[in-house]
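One structure, pasted below without further comment.
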Amino acid sequence: MLQYYLLAAFAALALTQFLKSHKAMNLVAIAHAIACIAFAACLQYSGAIPVYYLENNLYIDALSTYEIFIAGTIFLLAAVYAGGHAESLIKIGILERKNLKGYYLSFNALLLFTVLAFSSNNLALFWIFAELTTFFTAFLIAILNSKKNIDASLKYIFVTSTAMLFSFIGLILLFALTEKTLGTGTLNWDVLLKNAKTFPAAPLAASFAFMFLGYAAKSGIAPLHTSLPHAYSKAPSAVSAIISAVMLNIGIYGILRIYSITRQNPGSAATCSNLLIAFGILSLFIAAFSMLQQKNLKKLIAFSSTEHAGLMLIGIGIGTPIAIYWTLYHVLAHSLTKALLFLSAGILNRQYDSNKIENIKNALKLQPLASAGLILGSLAIIGIPPAIVFITKFSILVQVAKFSTILLIAVLLLLLLAAAGFALFITAIFTRIDENDVMRRYPTPVRMKIPVIILIILVYGLGLFFPQPLDGALNSIVSGLGF
Amino acid sequence: MIASGLPAGGDWIEALLVMVLVTGAFVVTRKDLLSLVSAYQLQSLLLSVIAVSLYLSNGSEMLLYLAVLTVTSKVILIPYAIKKIQKEIKISRDIDFHYLSPMESITAMIFLILLVYGSFTKILRELSPGDLFYLGAVFGISLTLMGMLITFSRKKVITKVIGYLTMENGVLLFSLFLTELPFMIEVLVMIDLFMIVLLAAILSIGVDSSVEEFREKFNAIHIPRLQKRFEHLRKRNGEEA
Amino acid sequence: MNASFLLYALLNTVLVVLLSPFYMGLIKIVKARAQGRRGPPLLQPYYNLSKLLKKERIYSKNTSAIMRATPYINIAVMLVASLCIPLALIPTPTDGIGNVILFLYMLALAKFFMALSGLDAGGTFGGMGSSREMSISAIIEPITIIAFAALSFSLHTTDFHQMFLERAGATAFLNPGLLLIAIPLFIVLIVETSRVPVDNPETHLELTMVHEAMVLEYSGRDLALMELSHAIKQTLYMAVLINILLPWGLTSELTVAGILIAAAAFALKAGLLSFVTGLVESSMAKMRFFNLPSLFMIAFFFSILTIWLEVFG
Amino acid sequence: MLSTAFYVGAALLLLGTVLPLVRIGGDGVMRRIALFFSMLALLVFISFSVFILYTNQQVYLAPYGIAPGLVLSFRIDRLAAFFILLISVVALSASIYSVQYIGHWHGEKRKNILTGLMNLFIAAMLFVVSSANMFAFLFFWEIMSMSSFALVLFEYEKPETRKAGLFYFIMTQLSTLFLTAGFLGLNAVTGSFAIQPADIGTGAAGVVFLALFVGFGIKAGVIPFHKWLPYAHTASPSNISALMSGVMIKVAIYGLMRFTLTVLQPETWWGVLILVAGTLSAILGVIYALKEHDIKRLLAYHSIENIGIILIGFGAYIIFTNNNLPDIAMLCLLGSLFHVLNHAVFKSLLFLTAGSVVYRTGERNIEDMGGLVKRMPYTALFFLVGAVSISGLPPFNGFVSELMIFTALLQSYALVDPFMKVLMLSSLAILALTSALASACFVKAFGITFLAAPRSDNAKNAKEVGKYMLLGPMILAFLCMSLGIFSYQIFAGAGYVLPIPDLLLIGSFLAAAYVLAWFVLKNVSSSAERMGETWGCGILTQTGRNEYTASGYSQPIVRIFSSIYRTKEVREATYFDESKSLFVQGSAEIHLVKFFEEALYLPIARLVNSLSEKVSRLQNWNLDTYLAYVFIAAVLIMVYVGWFI
């Protein structure tokens, strides 16, 4: 199956290289994303998973399918959105028409490598693909004509890549470990999972700690999240949505995979779990307090990503099957909600040419849909029912409560602060009325509106109606991970 | 497989390891960009020599390939690219230090090596076959941390790139002594690295200079896109002022 | 409810309406004599009432229905409240009509409307009187409640009828706890009937008057009703004090002789209490308004003391 | 059959939520249909709950699994039905009132949003009290909180509204936080979300109770968590204030009662805590109310007071129960519950009529009103009924519930523990003070607002409101009266014969005495009357400026309780010379110190702020710093590897 998808992806890359018009390139990107979704759906329904490719270096199981499906969905919506958004960026000169090709090439490449990363069995291969996604993300951030974008892009590259190097140290440790215990060195996840019990605990935990550091940077865990607020706020909104809703997942995915290995070994499970929870709390803390003072819309949303990554870490760290189940569902919930927020914020960004709190006025009148998207998205992300995040957040908290009362109280308090940060910001921008303001309405293209509407429906619809097939999928993921 | 016990010529390798650290310290303290690149070249060369020495002592061909790969990429290709970019941005010195002065960095390094030594004792005892390998692994991690020190204590992006490369050398050193990864992985990692370094270096053109320098520089380069970017920048700056 | 209760209601109401103005006059005379004056005739309050009934009423242009309705509400409330306090004949307790709280809140209802009527004309005096009256009533309220709580702690009931029954049947008349309660009850009586040192019923000086300021705008039969209500209220409070402290003569049997003796006894005891009140009033100067809380604290102290006696004794 | 009724009602309400939002820019037809639906739904709920109350049965509704392991399920028993009844009754009159009231905003969109959100709010409250498990409870609790948050922000253009909204948001989230902590703690011990008796250890129960008490306390406006209430109730539209103050805070009381009575086994110290908190809220609520001149804020403070009274009853119930005095305890509980209903009725009545006044005069400050009794006679009458009820005067409903609590507290001589007796008596004394102050406050509120001559042109030109805006309050005013007069019969009908006076009897006596007095005087006295000026020491014509002001009115009390109000003087002066002898100019101001704000809220806010500033400073735009963080993280990992593994 993978070969068909790869064919489609390369075709998309090639077509983009040769096509000239924006519309066509955009269509190709949309088609690519649809192919990705179709790929995931086929995998899920054909019952072909788990499946191996390339001498067991690639391995697609239920978790990969799930993540690919989420990535495909977000890319699809982002591609539709980009069609309108990029055009308006060109109009004001911040994006050059001749860079469009680069934009779409990176867009397609990003999706390709994301899918490959999720399909990797070999952890080193995963590392390489993850680094490639970093590369293309950085490229997409830097494509706009502004020194600040270059700055943001550089920050993203440096922080992520340096942290990822430590990750590689972890990989080497792991490899040496397997060489020692199994005879031949391997980084194949399935083998590792099977044999984790026989590994000596201390090196396993150490390798986990190092690998964690890199993936933490990828998923925006404090204190490695620092580049993300810049990256999110400077990138075109379609790209911001992708970084937050997909790149973050890559990091969390990596952590989940390696944690599942250490979890098998009774000597390392507890120490690794403590590490995850400690970083989770730290992320929540930093994010919550940063959000309170935030004056920039996209940065606020960026910190919220750190907050949720922290929550996911805590969920993973608790490590009961139910906690993992809900953390996985939270990944989906977070991706959809975050995409909604970024895409809505993108429309406001086009209207005011700014993300700053003081520049946004009369938003409800000028951009009702984006405002609705932002308000509903904010309510959703802070976990107000009936949004999907409420269910996942609540369920994770249930597990936290069973784990430790103090942790529960800390998490609740920090979530409250984060919610307060959102409330402060949202009320501030939407209550700013200036009767004398003569700003013209930005004619939002339909292509930018459609994804927002779809996302609102998804975010609230999924909160009320749990898709039953997902239950089986999530359960098989959890059991596949050995929890 | 690396044979256990002290390989032949262990002292020789130990000396090489120390020299690697010295080049690292050199990178930490020097202000002259060209000599930084040269130091990096030397460091990479030393690494490949170590790889060859290890090959000589235990005869794993992979090490030889690795040495070749290192020489082509890190001694020739990457330094060439960096030097070219350095010429373009016309700066030759990175004077400013952030957080740590060179002497402080060196001092910090001493403690860091101690820390690494202490931290890895338990783990490496279980994994590494002998004292020399243990030392090599510790030096590898230390070199990585040293590279990290460079990335945050030096202002110019181009220096940071060299810091990043030093880190990567540290990782390489670590892997040389601890185990040997599949060669395919090493190649892919190298390509990855190359792409990222190149992107960072290109982007650094946009940031590594004051506004006045920026104008001269970009007029000289005659890259229309950059020029336009500069115009944009000036407009922004004007607005902000 | 039954015929005997109706009889009680009729008797009690008639008694209270007839007797009340008398004590107003009595206190006035006692005060006058104590100050070396002759004072008005004993029946002067009755004359006043009949005079007022003949006069026309004057209403301010600002006033509303509140002003007109208040006198009737007041008198109605007083009449019903008098059912809570048997003066001479204690009925068989029915329907919780003797409830302490009911009594207090009936009076509060009257006060509420009186205070509103003070505001109704829009004059400064009325407003001031109303404001002061409500302030005083607010701070005396906990004192009253605690005094009644002390009563119910001593007598283990919250119903006046039962309390009086118990006291009437009691063998030991001088209960030390109840003696202590007499002090707060007396202070409550002084406060609720607007007497010196809290208020001065004789003056129409804006600095000192409280109750009189509220009824300043009333005239004719409205004023008559207000004064009668005031007199009834005084009698009721006196009755509480008398029947708790000196329950001689109180009867619960429905015989003509018994009732007559009881009524006479009550008239006598009330006369005595009026005499004491008059003396106290004339021996004191009016207190500054904001010094009143200290007076109330004395009452509070004695009530609490009674309760302590009950709780810890 | 009963469950069908519930479903129909719920469906109608949800339709009422969705319809106005479907055609959001529409002309208001949908809005009227939605309001009609909600009235219909509320009538269904009223009959539904009355039936359950009367027959004393339980209704279970089919659960809906919203996600694996999470179920929304409903069970309505007598307690829930009681709260459904009071929510429905108040919401019904608020809906009727809204038909006209909503008209006074500009823009169809806003009116439609207001209607939709109001219906959602009502539905959420009804679902909260019907919830059979904690998940459902929290689910609808949050919807209730957020819809009311949106409604508080309705007039978002005003800066004060924004502040009120934010304050409300944070407090309401804090409340949810404590509830979540309590629920999850309970769940962690029992493993179940069902609201059913849970036998957990004493210590755990105490902790859970504390969390829930704080959570519900915040929502109910118990001092010291009350600060949001005066802001939020003032900022929101009056029909919403009526709902929030009348019923939303009761939902919190429901939660407290439900969880302490059904789920946990209350201990005596819980009762003491509730009693003390209630006493404090009652007295401070009314004392703060006295100095308010903003009519809606004044009413809001009275809500705090009445919540206090309710809690006094409830706390006393727990204490009496644990001391084996079931009869007195039952009197307390019934008194407390009855006060919940009564307060809902008269407070919504007051808010609706106050809303009418604000609607016509455009003023919220009572100093600018006056004379409205002639201009808005019906509104004045209904407000008066509310004022008399809230002051606890017979024969209206507020009196009955206060009487029940008073009578029960007076009977604390039956307790054994001297400490408890003293506690009960203190509570009793303070309750008495509270209720006297409340009546002083409402003499002020009614007197200054409605009586005498108008104090401003707006008041002078006010007109009576339309029929819907009278019909809504009229229902409530009627309820105030009948709940009071027929209280004895109502309780007897429900199977409780209580030692309380029969107010039907008292009421008839009162009416009889009134008529008698009137009849007698009509026949024996002169009926001549004449109109004149108010006497003003020789001033011939008095204007509104001569009248006693609201500040003047409350001044004696403010002065007596000055230690509670705590004033702060601020003096500024400039001088010509350095030795400060030649005075140029200066100012002196006296402020009321907002004690809880200064001592509790602001320090926390400042702490959070300064922490947040420090944390924000970590994000300093500098790549070097960020890389240093990575470095530190790496070093930490090294330490971790060396130390913990």
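First chain written, first letter: the chains are A, B, C and D, and each begins at residue 1.
Operating definition for what follows: contacts are C-beta pairs under 8 Å (C-beta built on N, C-alpha and C of every residue); 3 or more make two chains touch, one makes a residue touch a chain.
Just so it is clear, the model here is predicted, and its values are computed rather than measured.
Ranking all chains by how far their C-alpha centres lie from the centre of subunit D, first place goes to B.
The greater number of contacting C-beta pairs, out of the two interfaces A-D and B-D, is seen for A-D. Centroids of subunit A and subunit D (each the mean of its C-alpha atoms) stand 43 Å apart. Between the CA-based centres of subunit A and subunit C the separation comes to 78 Å, rounded to the whole angstrom. Mean C-alpha positions place subunit B and subunit D at a centre distance of 67 Å. With each centre defined as the average position of its C-alpha atoms, the distance from subunit A to subunit B rounds to 30 Å. Annotation for subunit A: residues 151, 154, 158, 162, 166, 202, 206 touch two or more other chains. Of all residues in subunit C, none touches 2 or more other chains.
Shared contact sites, meaning residues of subunit D that touch two or more other chains, fall at 623, 625-627, 630, 634, 641, 645. Chains touching one another, given as pairs, are A-B, A-D, B-D, C-D. Considering their complex, residues 622-628, 630-631, 634-635, 638-639, 641-643, 645 of subunit D touch subunit B.
In the complex of the two chains, the subunit D residues touching subunit A come out as 65-70, 135, 138-140, 142-143, 146, 153, 156-157, 159, 161-162, 165-166, 169-170, 173-174, 177, 180-181, 184-185, 187-188, 608-609, 611-616, 618-619, 621, 623, 625-627, 629-630, 632-634, 637, 640-641, 644-645. Subunit D meets subunit C in the complex at residues 370-371, 373-374, 388, 391-394, 399, 402-403, 406-407, 409-411, 413, 418, 421-422, 425, 428-433, 435-437, 439-440, 442-444, 446-448, 450-453, 499-502, 505-506, 509-511, 513-514, 516-518, 521, 524-526, 528-536, 542, 544, 546-548, 552-557, 559-560. On the side of subunit B, the complex with subunit D involves touching residues 98-99, 112, 115-116, 118-123, 141, 145, 148-149, 151-153, 155, 160. Subunit A makes touch with subunit D in their complex at residues 151, 154-155, 158-159, 162-163, 166, 201-202, 205-206, 209-210, 212-213, 216-217, 223-224, 226-227, 229-230, 268, 271, 274-275, 285-286, 289-290, 292-294, 322, 325, 379, 384-386, 390-391, 394-395, 397-398, 400-402, 405, 408-409, 412-413, 415-417, 419-420, 423-424, 427-428, 430-431, 433, 463-466, 471.
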